[in-house]
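Next up: the structures, one after another.
Below, chain A partners chain B and then partners chain C, in two separate complexes.
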Partner chain A sequence: MSRHRRLATVAGHSPRDRGRRLRVAKGPRRWQRRQGRTFYVFVAPWVIGFVILTLAPIIYAFGVSLTNYDGSSSFWRFIGFRNYVEFFTKDTDGWASLLRTLGYAAIVVPLSVAGGLALAILVNQRIRARGALRALFFLPSVVPVVATAITFRLIFNRDAGLFSGLMGLFGVHDVTWLSDPWAFYALVVMTLWGLGGGMIISLAALQDVPSELEEAARLDGASRWRYIRSILVPLISPVLYFQVVTGIIAALQMLVQPLLLAETNRIASSAQVPTSSTLFMVKVYNEFFISNRFGYGSAMLWIFFLVILILTLLLQRLSRRFVFYQVGGD
Partner chain B sequence: MATVSQTDVGSSHKASAWSYIGAIVALTAFGIPVIWLILTALASPSQISEGTAGLLDIHPRWQNFVDAVTMIDFTAYAGNSLFLSTLVATLSTISSATVGFGFARLDARGRKPLFSVVVATMMIPNVALLIPSYVLFSRLGLVGTYWPWVFWGLSGFPYLIFLFRQFFAAIPVELEDAAIIDGCGWWRIYLLIFLPLSRPVLLTSFLLSFTMTWGDYLAPALLLNLDNTTLAVATATGYLDPRGNGLLTVQAAGALLYMLPVVVIFLYAQRYFMGSSIGSGVKG
Partner chain C sequence: MSAVSVRHAVANRRTFVAALTIGGLLMTGCSANSTTSTSASNATQSAASKEATTVTVMYAGNEFSKKDIAAFEQANPTIKVNFIEFDQTRLNAMLTAGDPPDLVRGNPSANLFARGLATPLDDFVKNSTVIKADDLESVNDAWRYDGKVRGQGKLYGIVKDWSPDLTIWQNQGVFDKAGVKPLSTTTPSTWEDVLAAGKALKDKGVKNSFGIEWQWGVASLLQTQILQQGGTYYNADLTSVNLQTPEAIKSIQFLTDYGKAGVGPTSLAPLADGMNLPVFAKGDMAMSMDGYWFGGGLQAQEAAAVAAGASLVPAPSWGKRISTVIGGVGAWIPEKAKHKEAAWKVMEYLMAGPPAVERAKSGWGLPAMKSLWAQLPAAAPYQKQAIEAAKAELPYVTFLPDSPFISGDEWNKIVDEALKATINGSSTPAEAVKTIEAKVNDALAKGKDQLG
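On to the complex of A and B.
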């Protein structure tokens, strides 16, 4: 921001720039500087925390990724980018888990966003017990992950699970649903149980849509479905886009759910996570805590960060075409 | 920032019969897992061995809940969870409010780019960040202590900072202009005028932070020991028979007891949870 522009606003033409308007009243530069300093005092906790708790671990991981550190011994060497080369050339399991994770996201994210939107539209209508329905649909998404995992371990339990019992009615007996290849789908089902979180976000957006629009669409002879498709969805597309982005990031870094859902009860060791639910972060976790390959695991983490970065940028590009931003904002 | 603040707000479109069918189907789908959890928690081991149908024959066995509390040191772990969650909720609420106020009301060079960084950090995959954080904390000798949570709490959470910023930014300027003319400093304006106004947001932030910490599994699993870990870890890993197999009925009872505080807080303070929806804040 140039000095000229700042001086130009002193006259108070820009109603948003309070600080600058106040400069006139209080004696120019000193006020400006004091407010600037005060700002940094107020935001200091976050800035310091960001540097120490976010930047430092990420940079540290990059340093470790260039070594063969095993997590405990002091005999480690700098090995350049060998870990990265190993992942890209040799680690077929790692690649498989990365692709599996992308597949998982490709299934879970559209279903959660669409399901959440459908529920939001449902409970945005004049429907009986609307408040209770909203709460009940939302509730599963706030249940702690450990409780959710135990619940679905019971549902898919081989001998006494509800799902096994239902399948038994169709003559399918004694299938260990929490092992390969079914564990993947159990994980998908468990994730979808929490789609009420997205419903609440969509619902908040739906409530911002002026009711006159629906009235006008109806008078013009548009069907309910047409109204939803051509007016409602475009109007709240920024919120849906937000859910897609955060949903993809959440899906890609899925770790605790596959660990806890694994049929084994010795949860501390994740080596027993079935292959079909060994998502990328599970693989990273194994490299760190089963194989003690901290260097290699760190390299995988950095590859992961880059994958997320690339996906986010791609989505941002795509969003220009599909997301409709209201001019002027709210 | 419009939010789902009132549970009775919505479109005037009257629900059709299809909507009711959809609602019933959805209710069944969402409800069945919890009902199954409760049925298992009330069953006896012999019913479990009879298979799925055995569970439908209900003879409540309350002993499962007694076992859930006695097989592991339940009160101690619950105490750890309560302490850690309260600690994080208090620290993160205070610091997020302060930082949010800075971003909403104070002007300075670099404010806008810095706020974009806050928003961008919401996109950082936390799980991926936690693993190198664990390595760093272990090198600093902080594994097995609650210090990492103190640091996390003190630095505030991006999501909560965002929440506070939105709230503070919507308060009319005249309020602080008057205070400034009266010679009030920014800290006094913040503490005496803005904080008291933000009581609902403070409560929302505290509850979100509390339930998040109560529900977290990975951080305590990596960073704490068996004697000072949280109920989340104890519930997930305890309740085994001597051979290391899970005792399903006790696990179910333990899971119910463990999630109970979160469910109670949620039902009691629904509107705060729903009101915190970030959705409309990201528009345009």
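On to the complex of A and C.
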């Protein structure tokens, strides 16, 4: 039996749960009917919401992706998979934005998770002003994205920004940080500013780790780094894995931040977003609202949906090697 | 639980989920129809009782205020206004659902007309006692379309106000302080002259010496400059462009030189405010290419010092004198609007009623009705001069050829991307026009395919 299999036990699969089911099955018929109704009542809002707000739009978008619909007029017709073929064979800008988005996720997600974990380990120590530090690190992640973007537009302002002032001390002047090619890095910095959200999740996981383990490791002569690498990280790996998956999905779906960070007074005009921060969703937005190509934009969304699905499945597969679930205790 | 009851429970759950799914999809599918039936029901009610006509207006709140709406409703007791702040995404959704607003604010565009989204207004104008055909300024022709070309044919909208957008406001004080000769207020300068003045001012320490409103789109500048040199860019049926011409290359070279000179904003070096007005009004910009409407912003107390030395100069030229109107913003009535008569009443009120008079008095644009010119502000010397300059510009005012197969935003995005490359030195003007031509032609082909 592998190490993973030894550690992993899904609650619903335990013999104890099977026993519970059997006991329920032996109960009175009225209780069974009531239990069934309760199940339906509880699950119905979610299912209805899912069908109306997720499933129906997904199916509708697929239908639209097979047309040349422009979003408002009656001039449209069925064109089969031509939009999909166009993306794979002609749309170099679309591919560039997809690769840029994957690059963005590859930079931002590891830094966010590692940074959040480092902060969590820091504020999990018995240090002075621990509560204040936790609040301080967490605060940026609750600031609304519009306020954050405006703040960073001021920080990176070419003429009067804090960052420009600091760079000026090193002889770097008159750089438009929010234009190409720097806009991409400004976006990365702005995203990392909110890593306090990850810190809180990692901190919660760390506080679940018994302190005896650290003491035992220390008695066995393990260094601090060895303890973190070989004991702490494997123990909280499900939480880190959760952050990686949600982080990747959020990074891939990034749209509002590049729009808000673009130096323009026409927020609605995604055409003004610098090329270096034109992530995939910005490109999709352009297709919808600049080019009025709702059909093509929908096809891009479906392709992206499949990319995210494949990535998630890949991660799930990889997680079997790196994620360790604890045995459920009584 | 026996095997039979387990199967029964599973079947029940499957039936339940299937029923919810089908029900949910039906609800979603029927949502547009239910809206339509509600509207249809409203229409029936309004027919039964004239007091119930509610006209939905998608406009800008600062141009059709609550006070204006109240005054309109008082003057037209049988019409109620349901106001929606303009939102392109919402408009698209409403058009898609077949339940558009009754009156919409917008830009004239061949693409809008070619898609059959707008109602012809000629009969409304013919029967109106408020908006008269002979009172309409020729700029309203921007809203005409004959099925192929914009500028002639049926009228699909009315301009609220407009401006010769390439005329330049200059701050005489900045020129005097720098010892640079200002531009002539009567004779058009060449583009080189304007850029040379900008460079000379920059050499004297004026950081923003010549501001093109780059972030509002630079394609129209390229197009105007080509026409001014006697060139063309569209073919006869507006389905393709030829930009590998000396005229286009010269224009791209000029815009590249402007960007490299660092005299004003570009996409690579935008202004923090995203527009010239705050910088010009503070006295930190010598020339701003914005047109007449910009003078409205100089009436603020803080801009008094700048306004005292400000003047409007003709649009720069390269041979043929052409002064383009890039905007021409106004209102239109969607083809599928349900209360067109009531919408026209709002149109009359907005374009020729008290809000139009107030707009003209404010100086934030030239009126689209000849009768309203007398309302323009002329108390200060700079206001008088601006009116005279605008009048002198009138014979040369025109709007640009507009293909129904590509949007203005798309043009701007393509040209801007090419210019970023030439300004940062990674491309030449000759390469840039080739790239722009290929991308515009690709977009035109897609647009043509869409409209058939």
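What we mean here is this: the second predicted complex is superposed on the first by the 301 of 330 C-alpha atoms of A that agree within 3 Å, B and C clash if a C-alpha of one lies under 4 Å from a C-alpha of the other, contacts with A are read in each partner's own complex, and residues count from 1 in each chain.
We adopt the following convention: a residue touches a chain if its C-beta (ideal position, glycine included) is under 8 Å from a C-beta of that chain, and two chains touch if they have at least 3 such contacts.
Given the structure is predicted, the values throughout are model-derived calculations rather than measurements.
A.B. asks: Is A:T176 in contact with chain B, with chain C, with both, or with neither (first, second, both, neither)?
C.D. replies: second
A.B. asks: Which touches a greater number of chain A residues, chain B or chain C?
C.D. replies: B
A.B. asks: Of the partners chain B and chain C, which touch A:T92 in the superposed model: first, second, both, neither?
C.D. replies: A:T92: touches no partner chain.
A.B. asks: Of the partners chain B and chain C, which touch A:R293 in the superposed model: first, second, both, neither?
C.D. replies: second
A.B. asks: With the two structures laid over each other on chain A, which partner does A:V284 touch: chain B (first), chain C (second), both, or neither?
C.D. replies: After superposing on A, A:V284 lies in contact with chain B but is clear of chain C.
A.B. asks: Should A:G71 be classified as contacting the first partner (chain B), the second (chain C), both, or neither?
C.D. replies: both
A.B. asks: For A:N157 in the superposed arrangement: first (chain B), second (chain C), both or neither?
C.D. replies: Both partners, chain B and chain C.
A.B. asks: Identify the overlap between the chain B-contacting and the chain C-contacting residues of chain A.
C.D. replies: Residues 22, 25, 36, 39-40, 47-48, 50, 52, 56-57, 60, 71, 153, 157, 159-160, 265-266, 268, which sit in both footprints.
A.B. asks: Across the complex, what residues on chain B touch chain A?
C.D. replies: Interface residues on chain B, with respect to chain A: 2-4, 7-15, 19-20, 22-23, 26-27, 30-34, 36-37, 40, 43, 47-55, 95-96, 98-99, 101-103, 106-109, 111, 114, 117-118, 121-129, 131-133, 135-136, 151-152, 154-156, 158, 161, 173, 177, 180-181, 186, 190, 211, 214-215, 217-218, 221, 232-233, 235-237, 240, 244-246, 248, 251-252, 254-256, 258-259, 262-263, 266-267, 270, 273-274, 277-280, 282-284.
A.B. asks: In their complex, what parts of chain A are in touch with chain C?
C.D. replies: Touch list, chain A to chain C: 21-22, 24-25, 36, 39-40, 44, 47-48, 50-52, 55-57, 59-60, 68, 70-76, 153, 157-160, 174, 176, 178-180, 263-266, 268-269, 271-272, 274-275, 286, 289-293.
A.B. asks: Touching residues of chain C toward chain A in the complex: what are they?
C.D. replies: Spelled out, the residues of chain C in touch with chain A are 1, 5, 9, 12-13, 16-17, 20-21, 23-25, 27-29, 88-89, 91-92, 95-96, 111, 115-117, 215-216, 267-270, 272-275, 407, 409-410, 412-413, 416-417, 420, 424, 443, 446, 449-452.
A.B. asks: Which bits of chain A are touching chain B when the two form their complex?
C.D. replies: Residues of chain A touching chain B: 1, 17-20, 22, 25-26, 35-43, 45-50, 52-54, 56-58, 60-61, 64, 71, 118-119, 122-128, 130-131, 133-140, 142-147, 149-155, 157, 159-162, 164-166, 168, 193, 196, 200-209, 211, 214, 224, 238-239, 242, 245-246, 249, 252-256, 260, 265-268, 281, 284-285, 288, 294, 297-298, 301, 304-305, 308, 312, 325-330.
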